[in-house]
Each structure stands twice: as C-alpha cells, then as structure tokens.
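One chain, chain A, links the two complexes that follow: it is found with chain B in the first and with chain C in the second.
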Partner chain A sequence: MSQYSWPDPATQPLLGKKILRIDGPSKSSGRAKYTYDYNPDGLLAGKIVRCPYAHARITSIDTSAAEKMPGVKAIEIVQKPGTEIFWAGDEIVGVAAVDEGTAEDAVRAIKVGYEVLPHFVSDAEPPKNLAPDTGPISQDDFESMEDNQVPDDEAIAILKKQGVSFTADEKWYKSMEGEGTDPKVIAALRAAKVLPPSESKSPYKRTATQKQGDPDKAFASAAATHEGVYGVPCIVHCCMESHGSASEWGGSNDLTVHISTQNLSGIAAQMAEPLNTPAANIRVLQQNIGGGFGSKFAADRWDIVAAKLSKSAGGKPVKMMLTREEEFEVAGMRPSAYARVKLAADKSGKLVAWQSNSWGTGGMGGGGTPPIPYIFDVPNQRKQHTAVATNQGSARAWRAPNHPQAALITMAAFEDLAAQLKMDPVDMLRANMDILGPRAKTYAEELEIAEQLMGWKQNWHPRGDKTAGPVKRGLGLSIHTWGGRGHNSDQDLSIHPDGSVDLKVGSQDLGTGTRTIIAMVIADTLGIPLEQVTVHIGDNRYPPSGGSGGSTTVGGVSSAARRGAVDARDMLLEKVAPALKAKPEELEVANGVVRVKTDPSRSLSWKDACAKIGAVPLTVRGKNPDKSKPPDLTNSGVGGVQMADVSVDAETGIVRVNKMVAVQDCGLVVNVETAESQVKGALIMGISYALYEEKILDPVTGRVLNPNLEFYRLAGLNDVGELVVHMMTGKGYDDRGVIGLAEPPVVSPGAAISNAVANAIGVRVPFLPLTPARVIDALEQGGVA
Partner chain B sequence: MADDRPRKPEDNSGVTRRDFMKVSAVGVAVPVVLGSVMDAAAEEVPIQGPGKVPITLQVNGKKLSAQLEPRVTLLDALRDNFDLTGAKRVCDRGACGACTVLMDGKPVYACAILAIDAQGRMITTIEALAEGDSLSPVMQAFVAHDAQQCGFCTPGFIVTTTNFLQKQPAPTAEEIRHGLSGNFCRCGTYDGIRAVALAHAGGKQS
Partner chain C sequence: MRPFEYASPNSKEQVAALLGTSWEQGAILAGGTDLLALMKDDVVTPRRLVNVKGIDTLRGTSYQPGNGLRIGALTTIAELADSKDLAQYPMLFEAVTEAASPQIRNLATIGGNMCQRPRCWYFRSGMGLMPMTKDGKSLVVAGDNRYAAILGTQTGAYFVSPSTIAPALIAYGAKVRIYSAKASGSGVRELPLGRFFITPKSAKEREHDLKPDEMVIELIVPPPPQNLKTGYFEVRQKAAFDWPLAMAAVALQMDGNTVKSARVVMGHVAPVPWVSDEAAATLVGKTITPDTAMAAANAAVTKAKPLSMNKYKITLAKAAVKRAVLKAGGAA
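The block that comes next holds the complex of A and B.
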C-alpha cells in the first residue's frame, strides 16, 4: 500500500522551506500576461451603458444613433424597458466597437429613459423596536447568505423556520452546489416550505433574538460591564486588475473566454445557460490574475454581455474590462457591520455575558451576520442582527467574509472591558482560554510568542499614554480563526520517458504561490529538482479544481499533488525494479536517482529510470479528497494572534502603524517564503482598511462619492511600519496537514490597530477607518490630549 | 496625490492629460494661461483630431507609428497598439503608478500623458529593462525578496524602483519610504520592495 501521508519536513529538500515562487521572473520582467493584456488582432472593445440612478425603472432605450456610428460592431440590450434597477451602475446596454474611444462614444449616444424611484443608501443605526422579520427567504436572500458564508447550521435553521419564497430549478441547485453550498443546506432548501414573498417595503430585516444561558442574571452579578458601539463601513476589494473577460466564438459554436477569475474550472458551467451553449463548448483560459480577494468567482453579467456581443459581431473577440469607477459601483464590496455591545466579566476578567444589537448592509441583499461574539464562547448571550438593504451594488466575499468585522466588534469591546478592569488584555485573554474553543492551545502558544516579538511586557502601558508631547504610543491585540480545509482538486501528473515531469490542473494562482506549491510537492515526492517540474494551470481542459476562495486552494492542490506524485513514483519504481534487481518496495527516489534503500550504490539516474517507462508518458490522476488513499492530507481550523504598535498624533489625529506582529498557524506550511509574504500582505491590507478605506455613498444621488484611487485611499509603502511574521510549525502543527492561509491573517489587523489607538490616546475611536477626523472627535470625548 | 506634483513646463509637449482636460473644458479657442499650452497655442500648432492622426513614438529605442486619435493616452497606445502590456492600466487617472514608464529617463504615469504629446520623447518601458532573456538586477531582487504576489503592480514598481536606485544607489529607509510611495500594491508586497531597496543600499538600515 502506497504511503500518501506527508513526510516530515525536516527530511525533505523543499517542503516547509523558503522557496521562491517559480513564476517570479515572468512577473518581474513584465512578460506575465493577464486577461487585461489579451490583445489579439481584430479585438473589439466592449463597454456598458450603466444606470446613473440608485433606484429607477427603465422607460425607454434608443440605440439608433449608436447603431449608425462607424466602428460600432454590436449592441446588446441587457435589461429591457420596464425593468426596475436597484443600484447605480447596473448594466443596461452593452456595446462593442473597434476601439475603446468609439465604444465610449457609442455609450454616450445611447439614450435611456428612466423613471427615477426613491433610493436608500444609509447604513446608520436602524430605528429601535423593529419587529423581527419572519418572512420567507427569497432567492437573492439565499444567495447573499451563501456569499456571506452564513454558517450552515444557521442557514438550515432559518430555512426551516421561515421557508422560502421561490422555487428553483435543478440547474440552480447544481450551480449553488458548484459554488460550495453544503449539501445539507441544499437539502434544507429543497425541504423548505414555499410561501408567498413578504410584502414589506422596509429596508430593515431584523432576525429573531438569539439567547444563550441567562444574560440578565449574568450581567446583574458581573464585576464589570462595558457598553460600547463599534463598526466597520463597506469597503471595496480594489483588485489592481479590474473584473472582466474577452470572449470569441469559433467555427462550430465554440466559445473561448479569457477571464480574470478565482474560479477557472467553474466558469463554463456558469456561462452555459445564459449563452445557451453547452459548457463542453466553452474553453476558459487564464494564466495570471491581478487580484481577486473574493470578488471574482462568477461569470458576471458583463462577461455574458461580452460573449453575446462577440457572437453578434460574427465571433470577433470582444474584451470587456471594467473601469475603476465601475469596479467601485458594481464589482463587489465587503459588507458593513456595526454593533451596540454590552460585555461583562467577573473580577478575574473572565467573560460572563454578551449582548449585541448589530446591523450592517451588503447592498440589496442586506449583508451577512458577523459571527459575534467572535471566538469567545461567552456563556450567557443575547443578540440580534438587522440586515439593512441599500441601493448599491451587492457585497461579495471579501477575504475572510464577516470575520474582520466580528473581530473588530468583539476585540474592541474586550479591550475596553479590560481597561475598565485595569487589566492587561494579554492577561485577560489568558483568563479566558477555556472559552476560546478548539484552538485554545494554539492561541496560548501564539500569545507567548507574539508577546515576545512585540516586547509587550516592556512596552504596554495602561490606557492613555501619559508621556509628554503630542505623539502618543500604544499597543493592541486581537485573535482570529478560520476553517481553510482544502477544496476538491483533480490533477493529471505525467512522467515522460525523457525524465521531464508535468502536471495539469484547472486551477489558478492568485499570487499566493499555487504553482510553486504544486511543483514543490511533486519534486519532493519524486526526488527531483524543482526546475524539472512544469505546472500547467489556467485552462479548463485540465482536470477540474475548486475555486480559490475561503483559503481552500493550498490544502486541495497540495493534497492532490501528493497523492498523484506518490502513485506516479510507485508505478515508476515498479517499472524500474527489474533493472535494479530489486522489489519495487525496496527502492526509493532521492536527489535525482532511483536506488535500493539498503544499497544506494545500486541506482539509476532519474533519466535512465524514466527511460524504462516505455514509449508514452506515465500519467496518473491525483485527487483531493480521496478516501481510497488515506490519510486526509488537509484539515480545518487555524488560530492566529496579532499585535499592533501605533503612534497617534493627538494634535492632528494622524495614526501611524509602527509595527505589526502576526503569529499564525496554518497546519503544515508547504512554502514558508510565500506563506510569510501572504501574511505580510494581509497585514498591509489590514492597515489599509483600519486607517483609510471606506466606500462613501452620497445620500442625495445614491452614488459612490469616491469611486477611484485618489479619494478611496489604499495604504502605500510609506504607511506601513515594521512587519514581523512568525509561522507556527513543528509538533502539533505539521502533523495536522495542510490548511489554507489567505483569510486568517487579514482578520485581526483592524481590531489590533483600533485597540492600539485606544491604548495610546485613552479613548476608543469607535469606527474604522481611524481617520484623523474620527481620532480628533474621539479625543474631544476625553482621552489624553 | 502624486498627480498634483507641480510639473515644470520643460518643453511644449509636456501637457498632461489633466492639463488637457482643463483646457478642453474651457474650450479650445479660448487662450488659456497655462505655461506649456500657452506656448503651443502661440506657435499656431495646427489643430489635431478629433479623428485619427499619424503618431510616432520613440519606444525602447525603436520608432513605432500608428494612426491614433489625439485622445489616446500613451499607456493605451503602448498596450493596445504596440502590444507592450507590461505597463498596466489600473486607475487610468494618475493615482496608482501601475502604468509607470520612463520618459526621457524620468518615471511618469503613462495613463496621464497623451500619446500625441509623448512624440519626440524617449519612452522606456519595463520590456526594455530586462536584458535580453535575463532579468535586470532590480527584477532579480524583486524575485529574490518575493516582492510580488499577483504581480499586477510589479512592472510599475520595478520601473519606479530602477529609476529611484539609479538616482539614489544607497537610500536610507526614510528615502525609500518617500521615493517609492507613488505606486500602490493591493496584495501588500511593500515589505519585500523595501527589502529590495535596502539590499541595494548594502542592507544599510537607518
């Protein structure tokens, strides 16, 4: 029986080491091609007429002037007169023309009439005493629940209790399953009673109050209770490469799509129905992607429009890449979340009661419910959430959906309570280890390391930096968790008779190092150098692999690569055994040779060994999961601790992050280099949303006021202090298998930085981003200045 | 914003797209008091466009010609007409640096310059910084310090960093912070990029 289990990294040349990404040179040289760079002869430019109103009904569409313009090759009505439009920027008409300028002129020449309807874009606190919504779940509600990763149990309970207002066809169920909806949830959906849709016109949807234990009694007898309001606004993914694709039709109704996607193997199935073309005829390609962060799983409406335009233009390629402004209006955002929190502890600092009234928006779908209290299983709880429907483009998964919001709300309340108890939050966290769930031991170990790396003991002070001068310094803390189990992955590994090795998988590399990780696992397993392995990704003619979301890729692709490589190696050993006059199980591969374990002098070079394969390559299919080839090589559930050190100028309100410490677990770390890079990237993204990012909607027009990179600020190199990353490895970690890493480290920075600012200035700035104006406002309520 | 840096009107083709928009908002016929444009108007340059006009650019040591509308930016001309796609289009309005190229040896945002105005200037793109098939030292350093993830911002950063390190071969941490803050990276590779510049300075930390 082949041994599939992960070897001890200490015995492997590559596993668990710092290995540079294999696609680094192509990116550095500027030669790496992205969807945006696809530039064939005869390419037509696609553009879209978008609704300028946040809520309206289309009354008329007149494309006649545009049709007559020279250079305009196709026009496609996306939404017909009579259709109600729910957010500014929604697609109305698509145009393809010989170049972008002409397409833009055509867009301007198309006249669309609207009946403007009242809009609502405020995610301010909902009115008190709203009755809970118990109406049936609509299809949109459900999809947004899934997009926001509402926990399966919660989703099932809601479906059971409230029923649904729609009947879906099999295709839709399939597509939901394809996008990762749990079969149990699908079953609950099928079993749910179908009811007429609720008539309510209110933008607010309040859940029923959830209760656990006896919160009233616990609050009454607590040693300290803190009440506060905290929150995080809507923010935008801001992938450097905007969303979009290029489509072209070939002779026998074949479609080729170049698309910027996190979900290469899932795109054809999504395009098949709207284009009325078998998925088997749709070829999907992508070598590189300029960022996704959760916003690029779907074949979007503009992608479908591009394909339709191409068809009308006789199959010519049509490229449709969103402009930066379009990105901000329609290509996804992270939902906002706010909460009034009441939190109580006993005198040892142990949390005894939690109460929260939370709300937030994710566009018309309302947004997800943040999992609060985050991580802490507070014994007595009462909580209730209100989803606010707003007229703006829908939320999409944003790196660790709902967790950063939940961490901010929970950890800010936690440190405020610690300050009230005059406790060091690190000590108070230690006092709560037994309610930190399955990863408690991880947090305990990480906390100690983080404390050292930050110099917490020497540098932490009680709330409010009392030193003279306007610049106040403070430290803050947060913890986080995530699942990260590896997704399904099928891969074809070939060892060629000349000794070269290649692997084909319908996956994508988001810049996380997916290609490199696959090559490392294969090279180690076959005992050959990394350079000898070629990894082919980015084509849906390769075996399918899951979408890269929810930190599922590394576990999926590495497990499948390991199984395939072990099988291929063992098949090779069988072919080579007679030549070495040994049994296959007496052989091993290492350092580019096949040799007898007990007598390494009896060996064949890798090349000579591969010559025994025969005339055609030896090809095997590696899979994840694969119950027939145990053990499970991936796992779920990680913990991380982060600490921030900030300086706040109490006169200007400017916050600077001096240092961030991230101590992170992700099971067996395949590549320490790219893992650390990814954690650093998450810290930087965290600094960015903690200090700068906010999607601002104009209440008068309902439009985004800062749909560009001048007024929607991202962190630059100058805004980032020292970053210290420590990956947990060794016993208790390596043996858990490979677990994903993209989401967890982006969860804590907002909370840790907010806590550090409170520690510095002695007063809480309740909402992110921690802009100078907000800091000054908070200081006016008290604090050290 | 970097876009608002004062620009010296060095010669009469220094009109940025932003200047251009300011001008066209007022109307082409109205004389505008705006250094470079004023000069151009005074010399009675024939009105170009709005249709296509022949445009010749000096790019990476080669003369490249195309029929382009005067509204086409240098970035779009490079990418769409000459298939030099290393410079990326991200914000398309001078805020992010992903489109950075060198113009007469100085880094500029190619999205903020009209192709017609870049004529007669020496344009260098990322494609010319690699030495044949081998990477330039700065490119190698980006690989070695893993200063790239998705890589979409990387060409812009490499052009900027290459130029910065030519001017300041041994920058301090402070100089690096200022010299390399005109580009954005969403994946968060700044730590690696700082390491590239610091290593160039011989690891000198300040």
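The block that comes next holds the complex of A and C.
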C-alpha cells in the first residue's frame, strides 16, 4: 500500500519552507492576463441600464431609439415592465455595442419608466418590543438565508418550526444545490409544511429568544456586569478587478466564457439553465483574478446577459465588466451587525452570563446572524437577533462571513468587562481557557507568543493612556477561529517520457499561491525541482475542483496533489525497478534521481527513469477526499490570536496603527511564504475595515453616496504600520494535516484595533470604522482627553 | 462620456472665442484630472474642450525679491514642488507636497487646482451645488452631511471648497490674474485670491468669480516680509492620498515676539477658503503660546453651525487652527 501521509517537513526540500510564488514574475511584470484584459478582435462592449431608485416598479421600457443607433449590436431586456425593483442599480436592460462609448450612449437612449416606491435603507436599531417573526419562510427569505450563510442547523430548525410559504419545482432545488446549499437543508425544505404567506410588510424580522442555562440567576450573582452597544456597518469587497465576463458563441452552439471567478468548475452548471445550453457546451476560462474575497462564486445576472447579447449579436464576443460604482451597488457587500450586549463575570474574570439583542442588514434578505458570543461558550445566555431588510444590493460572503462582526461584538464587550474588573485582558482570557472550546490549547500557546512579540507585559497599561500630550497609545487583543477543511478536488498528473511533469486541475489561483502549492507538493513527492512541474489551472476542461471559498482550497488541492503524485511516483518506480534490478518498494526518488534506498550508487537520473515510461505519458487522477487512499490529509478548525498597538490623536480623533501581531495556526503549513503573505493581506484588509470602510447609503435618495475609492477609503501603505506574523508549526500543528488560512486572520483586526483604541483613550468607540467623527464623539462622553 | 469638440489654441486670445458665453458651450482643459472625471460621471457636459496646455507663456514660475512669486496657471503641482522659487514660501511648499498623489500632482495644474469643482457627493452624482429634496429642502441637511461645511452656509450652500493649496496662497496674500476678453485695457483683471472664491446664492451660480469665457492665467504671491512666520496643518484621516477633514494655514507678521498682524485661513470647513478675521484678531498683540493659539482656535469656530452629522468638524477645525498657529509660532 502506498504511503500517502504527509512527510515530516524537516525532511523535505520545499514543504514548510518559504517558497516564492511561481507566478510572481508574470504578475509583477504585467504579463499576467486577467478577464479584464481579454480584448479579442471584434469585441463588443456590454453595458447595463440600471434602476436609479432604491425601490420602484418598472412601468415601461422603450428601446426603439437605442436600436436605431449605429454601432448598437444587441439589446436584451432583463426585467420587464411590471417588475418590482428592490435596490438601486438593479439590472433592467443590457446593451452590446461596438465600443464602450456607443454602449453608454445607447444606455442613455433607452427610456425606462418607473413608479417610484418608498424605500428603507437604515440599519439603525430596530424599535423595541417587536414581536418575534414566526411566519412561514418565503422563497426569497430562503434564498437570502443561504446568501447570508445562515448555519445549516439553524436553517433546518427554522424550516421545521416555521414552515414555508411556497412550493418549488425540481429545477429550483437543483439550482440551490448547485449553489452549495447542503443536501440536509434541501431535505428539510422538502419536508417543511407549506403555509399561506405572512402578510407583514415590516422590514424587521425578529427571531425567537434563544436561551441557555439560567442567565437571570447568573447575572444576579455575578461579580461584575458590563453593558455596551457595538457594531460594524455594511462594507464592500472592493476587488481591484471588478466583476464580469466575456462571452462568445462558436459554430455548434458552443459558449466560451472568460470570467472573473472564484468558482471556475462551478460556472458552466450555473449558466446552462438560463442560457438553455448544455453545460457540456460551455467552456470556462480564467488564468488570473484580481480579487474575489467571497463575492465571485456565481455566474451573475450580468454574465448571463452578456452571453445572451453575444448570441443575439451573432456570437461575437461581448465583454461586460462592472464599473466601480456598479461594484458598490450590486456586486455584494458584507452585512452589518450591531448588538446591545450584557456580559458578566465572576471575581476571577471568568465569564458567567451573556445577553444580546443583535440586528443587522444584508440587503432585502436581512443579513446574517453573527455567531455571538464568539468562541466563548458562556454557560448562561439569552439572545435574540433582528434581521433588517433594506433596499440595497444583497450581501455576499465576505472573507469569513459573520465572524469579524461576531469577534468585534464579543471581544469589545470582553475587554470592556476586563477594564471594569481592572484586569489585564490577557489574564482574563487565560481565566477563560476552559470555555474556549476545542482550540483552547492553541489559543493558550499562541497567546504566549503574541504577548512576547507585542511586548504586551511592558507596554500594556490600564484603560486610558495618562501620559501628557494629545497622542494616546494603547494595546488591544482578539482571538478567532475558522474551519478550513479542504474541498473536493480532482487532478490529472502526467509524467511525460521526457521527464517533464504537468498537472491539470479546474481550479483558480486567487493570488494566494494555489499554483505554487500544487507544484511544491508534486516536486517534493517526485524528488524533482519545482521548476520541472507545470501546473495548468483555469479551464473547466480540466478535472473539477471546488470553489475557492471558506478557506478550502489549499487543503483540497494539496491533498489531491499529494495522492496523485504518490501514485504516479509508485507507478514510475514499478517501471524503473527492472532496470535497477530492484523491487519497486526498494526504490526512492530524491534530488532528481531514482535510486535504491540501501545503495544510492545504483540510480537513474529522473530523465532516464522517465524514458522507461514508454511512448505515452503516465497519467493518474489524484482526488480529495479519497477514502480508499488514507489518511485524511486535511483537517478543520484553526485558532488565531492577534494584538494591535495604536496611537490616537485625541484632538483630531485620528487613529494610526503602529503594529499588529498575528499568531496563526493552519495545521501543516505547506508554504511559509504564501501563508505569511496571506496573513499580512488579511491584516491590511482588517486595518482598512477597522479604520475606514463603510458603505454609506443616503437616507433620502437610497443610493450609495461613496461608490468610489475616494470617500470609501482603503488603507494605503502608510496606514498599515508594522505587521508581525508568526505561523504555528511543529508538534500538534504539522500532524493535523493541511487547513485553510484565507479567512481566519481577517476576523480579529477590527476587534483588536477597537480594543487598542479603547485602551488608549479610556473610552469605547462603539462602532467601526473608527473615524475621527466617532472617536471625537466617544471622547466627548468621557475618556482621557 | 458624451461626444465633444476638441480645440487646441496656442494663445490666450484664441481661448476666449472658443469658450463661448455659457458653461455648456466650452470648458478649459488643463491637466484634466478633475474635468475628465466630471465628464465621465456626466456631471458636466461641455460641447467643446479647449485644451490650453499649448500656451507656453502660462507655464512656469519666477521669483523676484521686489515683486514676489509669479506662477503661470499651467504650472503643474509637481513642478511647483520642485521649484526653487518656493524657497521663500515654506507653507506653500508644504501645501503642494501634501496635495493629492504623485500621479495627480504630475498632471494637475495650479490653475486647475484653483478652479476645480467641489467633491460634495451630491454634486458629484449630478444633483448640483445646492441639491434639493423633492419638497424643496436642502438634500445635504436632510441627507448624509458628515463632510459638509460648518461655516459660511447661510445661502444654503453646504459643499466645502476643495483646494488645499488655496488657503496657503490666500494666507500669503496671493492675487489671481484672469484673462477676460471683455475686461478693459489689456484684457486682464486682477483680484485678491480670497475674493475669487464665492459662495453661490442659488443653484445657478458658481463657486468662482469667473465667467464662462474667462481664464485664470497666473497667480502672484507678494514677497514675504522679513518677519513673516507661517504654519500649516491638515487633518487627514489617512496618512496619504486623502482629502483633509479640516485644515488651516496661518501667516503671522511678527514684531519681535508679538504678532503685528495675522491671517488665519481654514480649508474644508466652508464653501470658500475661510478667512477668519475673528481668529486673526485674537492673535494681534499677543505672543504665541498654547493659550493664545487655543483662543484663536475657539474664535475661528464661534460662528460655526453644524448639521446633524458634522459637529466633529468643529473640533477638527479648532485642532487645525491651534496647531497651525503653534507651528507658526515656532512650536512643532
């Protein structure tokens, strides 16, 4: 039986080392091509007529003037008169023309009539005393529950309890399954009782109270109780490459789609039905993507429109890439989450009771429920969540859905309570190790390292920097967790008779180093240099691989690559054994040779060994998961600790991050370089949402006021400070297998920075982002200035 | 962007004829860093662009001890930052090096910087300088006004004047010279830069004293007196490439340790660069201490009228004035 288990990184040339991305040069030189760069001859530009109102009904559409314009090649009505539109920017009509300017002129020439309806865009605190919503779940409700990643058990429980108000057809079930809805949830849907729809037009949906233990008693006998309100607004993914695709039809009803996607192997199935074309006829391509962060799993409506326009235009390629403004209105955002929290501890700082009334919005669907209290299994709890439906484009997964919000709400309350108990939050965290769940030991080990790297003991002070001068300094902390089990991945690995090696997989490299990771695993397993391995991705004619979401890619692709490479190696050894007059199991590969383990002088160079393969390449299929080829090479569940050091100018309210420390586990680290860079990217993104990011909706017009990178600020290099990253390795980590890393490190920065600001100025700034306006406001309520 | 005619004259006399008498007829194209963005967003739709970059006489700086500094309207901000002629004007140097980003400074001209349009998000989405709700109320008052003006809003204009360089120039007493075919004599009229910026009284008016067929040709900055001390402070949320939330440029003419006369000019707090005579008055006859600086800061905002979301800007404006005064006084 072949040995698939991961080797000890200490014995491997590449595994667990710092290896530069193999596609680094193509990116830094600008040679790497993105969907946005796809500009074939005859390309038509696609544009969309969008609804300017946050809530309206279409009364008429007149495309006649646009149809007559020279250069306009196709027009496609997306939503017909009579349709109710629920957010500004929603798609009404698509246009394809010879160039962007002509397409824009055509968009302006299309006259759409609207009946403007009242809109609601506020996610301020809902009125008190709302009755819990117990009505049946509508089809829209359900779809938005899925969009907002309501946990499966919760969804099943709601369906059981509340029933549904619709009967769906098989096609719809299929499409939900295609978009990743768990079969158990689908089963619960099918089993749910069908009831008449509820009448309520209220934007608020309040869940029933969830209770655990005896919160009243616990609060009554607690040594300290803190009450506070905390929250995070809606923010936008801000992928540098906007969403979009280019579609073209070939002779026999074949569609080729270049698309900016995190889900290459999943796109054809999503486009097949709306285009009434077999998925087998749809070719999907993408070599590079300029960011996704959770917002690019679907073939979006504009992608379907582009394909339809192309068909009407005789198959000519139609490229439809969103503008920055469209990105802000329709291409997804992270839901807001706010909570009034009451948290209590005993004298030792151990948490005894939690109460929360939370709310938030993710568009019409209301928004995800943050998993609060985050990580801490507080024995006594009472909580209730209100989803607020607002007239804005729907939420999409945003790097670690719902976790950053939950971390902020929980860790801010935690440090406020520590301040009240006059405890160092590090000590108080230690006092709570036994309610930190399965990763408690990881947190304990990481906390010690983080403390060292931050110089916490020397630099931490109780709330409120009492030194003179307007600039106050403070430290804050947070912890986080994530799953990260590897997804399904099928890969074809070929060793060619000339010794070259290539791998084909229908995956995507989000800039995280997916190509590099695969090449490293194969090179190590085959004992050849990294440069000898070519990795082909980005084509759905290659074996399918999962979407890159939920931090599942590295575990999936590395496990499949390992299995395939072990099989390929062992098959090669069988072919080579006779020439070396040895049994296959007596052979090994290393340093570019095949040799006898006990007598390395009996060897063949890799090239000579491969010559024994025969006339055609040796090709094997590596898979993840693969129960027939144990052990499991991936795992789930990581922990991380982060600390922030900030300076706050108490006269201007400006916050600067001096330093961030991130101590992170992700099981076996395949590539320390790309792992650290993943964490640094997360810290930068975290600093950005902690200090700057907020999607601002105008209460009067219902439109996004800052759909640009001017008043939607992102951190620049000078705003980032020093980033210190420590990856956990060695015993207890390497042996767990490969676990994903993209999401966990982006969870804590908001909480850690908010805590550091509170520590600096002596008062909590309740909401992110920590703008001068909010800091000044908080200081007027108290604090050291 | 809508189709437009393009003209590239090489003398200022030709410019006026090409521009015409309404803003829709023609617009001056200098660096284009503002104008092209406005055209792409369909906020302005001039039928003709008059590219003035071919007029060489409008480019470059010169300094003469007697006459001061002359800056041609087409001089780029980057050229200004590199110019030795700014040696006598440290506050102007600071202002130009902190504005925008290197890419923008390379293209943006000083004339365009003075004439750039407000960044107000309602204006930028095509709703005009004084946007209104359906029932005729100010949209800025009813809507999101976190970045709106706190001073000089009596006419109902709530945008803030965008240039971060203008306050420094005004503090130095700069004048602007405008080519106007209709002006008597040479066709050039001159006015103090502070008066070039005006608060519109109705949606039809503009924020500059400039007619559609006029062109800014140069700025004249008088020679700084021997005993002039200056201080500049911007409150920017990000460390670079961000608009200030409030700023102040302060010029103090000293008599020994006491202030003989003062100019305090604030930016991003009003529809014009805001010259605070009240703040200046508190400084005259005083030495610069944290207390006198604070008194000037308080005086600068006594007339401030915040809206629902911009009260914090009063605090920020005070901090900017206080720190600029202290910097002028020699404290870092």
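Keep in mind that, in the parts below, the second predicted complex is superposed on the first by the 779 of 785 C-alpha atoms of A that agree within 3 Å, B and C clash if a C-alpha of one lies under 4 Å from a C-alpha of the other, contacts with A are read in each partner's own complex, and residues count from 1 in each chain.
Note that in this section a contact is a pair of C-beta atoms (placed from the backbone, for glycine too) under 8 Å apart; a residue touches a chain by one contact, two chains touch by 3 or more.
Since we're looking at a predicted model, the values are computed, not measured.
Residue contacts after overlaying the shared chain place A:A773 against chain C, while chain B stays out of touching range.
By the touch criterion defined above, A:N718 reaches both chain B and chain C.
Once the two complexes are laid over each other on the shared chain, residue contacts for A:T652 go to chain C alone; chain B is not touched.
In the superposed model, A:N288 lies in contact with chain B only, and not with chain C.
By the touch criterion defined above, A:V229 lies against neither chain B nor chain C after alignment on the C-alpha atoms of chain A. Shared-chain residue A:L117: touches no atom of chain B or chain C. When both complexes are overlaid on chain A, the residue A:E673 reaches chain B alone and has no touch with chain C. By the touch criterion stated above, A:E710 is placed in contact with chain B and with chain C alike.
By the touch criterion stated above, A:D698 is placed in contact with chain C alone, chain B being left untouched.
In the superposition on the C-alpha atoms of chain A, the part of chain A touched by chain B in one complex and by chain C in the other spans residues 101, 710, 715-716, 718. Listing the residues of chain A that touch chain C in their complex gives 101, 104-105, 651-654, 656, 691-692, 696, 698-701, 703, 705-706, 710-711, 713, 715-716, 718-719, 771-773, 776-777.
In the complex of the two chains, the chain C residues touching chain A come out as 1-3, 119, 121-122, 125, 133, 139, 142-144, 146-147, 235-243, 245, 309-310, 312, 315-316, 319-320, 322-323. Against chain B, in their complex, chain A makes its touches with residues 20-21, 23-25, 27-34, 36-37, 39, 99-101, 238-242, 288-291, 293, 321, 323-324, 510-512, 673-674, 677-678, 680-685, 708-710, 714-718, 720, 723.
On the chain B side of its complex with chain A, the touching residues are 1, 3, 69, 71-72, 76, 79-80, 83, 85-93, 95-96, 98, 125-127, 129-130, 135, 139-140, 142-144, 146, 148-155, 158, 176-178, 180-194.
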